[in-house]
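See the structures that follow.
One chain, chain A, appears in both complexes that follow, with chain B as partner in the first and chain C in the second.
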Partner chain A sequence: MDMYLASVLTNMTLIAFLALSAYLVLVVGEVSFGQQAFFGIGAYITASATALAGAHIFWGLLAGAIGGASCALLLGLLTIRLSGIYFAISTLCFAELLRFFLLHLRFTQSVDGRIIGPDGPEGFSNIRWIFENHYQVTDFLLLAVTCLIILLIVLFSLERSPIMLGARMVGNDPILAQSQGLNPTRYRLSFITLSGAVAGFGGGLFALFNTHIEPAMFGVMLGIHGLAYAVIGGLGSAVGPLLGVFLDIGLLESIRPLAAYRMIIFGGLVAFLLVFRPEGIISPRLVSRLKSRWRNRHV
Partner chain B sequence: MYSLQGIGKSFGGIDVLRDISLTLKPGQRLGITGANGVGKSTLINIATGFLKPDSGHIQLNNKTLTHQPAWAFAQAGIQRTFQNTRFLTTANLGEQLLLAARAPESKRRLTKLIELSGLQASLHLFPDEIPLPMLRKAEVIRGLAASPEVLFLDEPSAGLTTFELDQFGVFLQQNLGQKTALVVVEHRFDFMLMITDSVVEMQLNRGLVKRGADVKT
Partner chain C sequence: MDMLQTSIDGLMIGSTYALLGLSFALVFGIMRRINLAFGACLLFGASLAIYLEPILGWGAWGLFVVTIVGVALASAYVERLCFAPHSKRHGAVTAMVASFAVWMQLDEISSQLLPQRTHAFQGIEVPNFWWGEIYVRGDQLLHFVIALVSILVLYLLLYKTRLGLLIRATADSPDTAQLLGARVPWLGFIIFLLAGILGGLAAFMILSADGYVTPLFGLWSTFKGLIAMIIGGVGSLMGAVIGGLILGLVETHAGAVLGAEFRDMVTFGLVFLVLIIRPGGLMGVKIYRTDSLAQERV
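This part shows the complex of A and B:
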């Protein structure tokens, strides 16, 4: 496979984790501008675990996911009484707080004559896991895609269970949800925590692939892109955020003649969809309609 | 046995409910009527956990629910409908009814109720594509699926013609079951006489006043 294509695809796969994590928060009716923080935390934890502690990649990624989930749970608990714009602002502040924390985090070690570990604004260099294990770009792509597919299988089985409909109900109409005996707080906390785990896991893969991470990578714009992908793609299914990622990174950023106009087209697309299709391309209604049509044909 | 004892509620210094008490036995059918603004909706909201009373107790089978959140009321078997029917517009009716019936026994009950109500053909539609009389029935089915202790109906007649209301009443009578107590907040007396066995009137600052014998004869 062409190296350029493979790295674009890998990039798309990694950002898909971020978009899916934004999606999980949107499903329970909240907008988060802070998913990049969980992505960043996951990246730092996985990098530390593999490069500093020499952990196996599996444990490294798991630690990243758990780290992201813990931070998200903390944020969820702190904002338990907030919703709407107040929740959104809190997530933004929380994310910036974590980024500033990373800016001041210095914990370097010398391993084989190389300085590794988080070094403030300089970031975390020499995450050499893919070199040490002789991974090519395509090998890493395969690994990332496999992880994404596993995540999608989990999300799709969630989608088939009543849990997802309950979450959507909590997101759309908490009063209705309560009248059905659903506990909105529990749904919100679980989904925010899950979103942190997904972002943290993606961040871990991102760190391994990039071999160098720094706090500036996990700024607000990263989170806004992840959020926009979920909003554009639609909240009907986990396929939605993936479509959003594909449209922006796959088409606009990667097709070189278009890349210069990326932000113009992308911004226009967001504005267009918000007016004409506020629930995204793959909206919940569309998915519900397709599902019942499918069932009618096969029963 | 479900009971409200000495419920009081005020908004901004104005007493809306003062020392309201109410006891419901299984299978009892009670109608509550009253002028606009005497606090009927407030009473429903308190009785179903959506508002917290300033004073008083709410008990269901010796379990105190007073300070529980609304979802705990629903889980304990206190179900309600809304004045304007309340559904998600992003999922079809069938999915939403299924969400209300999580236990296998509730699922069986739900299937039976759907059959009896003639809603099968509408299950794949979104609630905003379904006519109001059907939605009213659907809301009652959603409430009855889990075989609740008490079902509160908040103005079920709103927007229905006399004929539709009649059909709704017949459906309700046939499917309430022995266990479920019913409370209907309504203005339509013909409907109340059809489905309830006693009617109380809510009066400003006087609470619930029995309207039984004089109305029925």
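This part shows the complex of A and C:
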């Protein structure tokens, strides 16, 4: 496979994790500007685990996911009273504070004669796991896509379960959900935590693939991109965020002659698209209509 | 003495933050919408002004006029494309994401207008002076006065004119205002224009005090405006003014005590604490408790 194509595809796969984590928060009716922080935390933890402690990639990614999840849980607990714009702004502040923490995190060690570890604004270089294990770009792409597919299978099976139905109900109307005996706070907390785990896992893969990470990569722009992908794609199904990622990175970044004007075209296009499909391309309404048509196909 | 000097500097800077906060509070308080493209509009206005300056040759006053007109135009464009189509109750997230998309677009247009990283931005020349022991920058004093005057004009507009009455009625209850004959969509457009003019003023003052423009100005001013609004209390115009002044004071003091590096982080930490402990902000507590705003989705 062409190297350029493979790296674009890998990037899309990695950003898809971020978009899916934004999607999980949107499902319970909140907007988060802070998913990039969990992505960053996951990246740092996985990088430290594999490069500094010499852990296997599986444990490294698991640690990244757990790290992202615990940060998200902390945020969820702190902002338990907030919703709407208050929640959105507090996620933004939380993410910036975490980034500031990363900016001042210095813990370098000498491993095999190389200085590695987080080094303040310089970031974390020499994450050499993929070189040491002789992974090609295409091998890594395969690994990332496999992880994404497993995540999608989990999300799809959740979609049919009472958990997701409850979460959607909480997202639509918390008071109505409460009157049905659901506990909105519990749903909110667990989905925010889950979103942190997804973002942390994606961040871990990102660190392994990029081999260099720095706090500046995890700015608010990254998080808002993830959020935008989820909204453009639609909240009807977990495929929505992937579609959003594909539209931006896949279609437009690959058309190189347009590179300079990419954002002018894309920005206008998205705003225009949202006029006609305000709930995203794969909206909940579209999904339920398709489902009922599928069910009635023999009638 | 240093303390006093820092406080005065903080108030001067805070007055421009107050204008940024007011623009946000106008849009949020009245339409319950967040315009993420706000900073990008400011950047666009400033870029347009610098781009046109050699063609027009009007100097600092030309920059002043073109910046304000450019920001107001961009703001009107954002309203038409991102906010007017999503005026229904559940359109808030969609409108926000649409405004984010336009943010990217305006950023790109600005960087096409100004290809370099930094561009000089000429201010209105005013001599600096010592007032007793305190050093006062003439341009900042002028900006402070301009900010106060524009806040006063906004107050008169909202509380003493028929248009202001309509706007306040819409803020209270859009449905009732519509039933009583107010043209709510048109008012939305007017509000974005007003926010654009205020933002343009703030952009001119901040940039001429700094002396240069960078592409990061857009994101920066969106943050400052949002934070000023949140500190003061969402939905309260007075709160946004006070929030802006507090933000200026906190920033300069934190910068003086802890160093410039910590300045932004102290602000973010403060906002996070305010939100956790006192979700309504300083002025908005009553609004937060009584209004449905707290339960409302973005």
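Note that in this section the second predicted complex is superposed on the first by the 295 of 299 C-alpha atoms of A that agree within 3 Å, B and C clash if a C-alpha of one lies under 4 Å from a C-alpha of the other, contacts with A are read in each partner's own complex, and residues count from 1 in each chain.
Just so it is clear, a contact is a pair of C-beta atoms (placed from the backbone, for glycine too) under 8 Å apart; a residue touches a chain by one contact, two chains touch by 3 or more.
This structure is a prediction, so every number in the text was calculated from the model and none was measured.
Judged by the touch definition given at the top, the superposed model places A:Gln136 against neither chain B nor chain C.
Of the two partner chains placed around the shared chain by superposition, chain C is the only one that A:Phe100 touches, whereas chain B remains out of contact. With both structures placed on the common chain, the touch criterion links A:Gln109 to neither chain B nor chain C. Of the two partner chains, chain C is the only one that A:Leu227 touches; chain B does not reach it.
Counting residues of chain A touched by each partner, chain B versus chain C, the larger count belongs to C. Legend: residue contacts after superposition of the two complexes on their common chain; A:Ser292 is shown touching chain B, with no touch to chain C.
Of the two partner chains placed by the overlay, neither chain B nor chain C lies in contact with A:Ser161.
Once the two complexes are laid over each other on the shared chain, residue contacts for A:Gly268 go to chain C alone; chain B is not touched. In the superposition on chain A, A:Glu279 makes contact with both chain B and chain C. In the three-chain superposition model, chain A touches both chain B and chain C at residues 175, 279. Against chain A, the residues of chain B that register as touching in their complex are 48-50, 69-71, 74-75, 79-80, 82, 86-92, 94-96, 98-100, 102, 124, 126, 142, 146.
Of all residues in chain A, those touching chain B in their complex are 162, 165-166, 168-169, 172-173, 175-184, 236, 279, 283-285, 288-289, 292, 296. Those residues of chain C that touch chain A in the shared complex are 28, 34, 36, 81-82, 85-86, 91, 93-94, 96-109, 112, 219, 226, 230, 234, 264-265, 268-269, 271-272, 275-276, 279, 293-298. Touching chain C in their complex are the following residues of chain A: 26, 29, 31, 78-79, 81-90, 92-94, 96-97, 100, 174-175, 220-221, 224, 227-228, 231-232, 260-264, 266-272, 274-275, 278-279.
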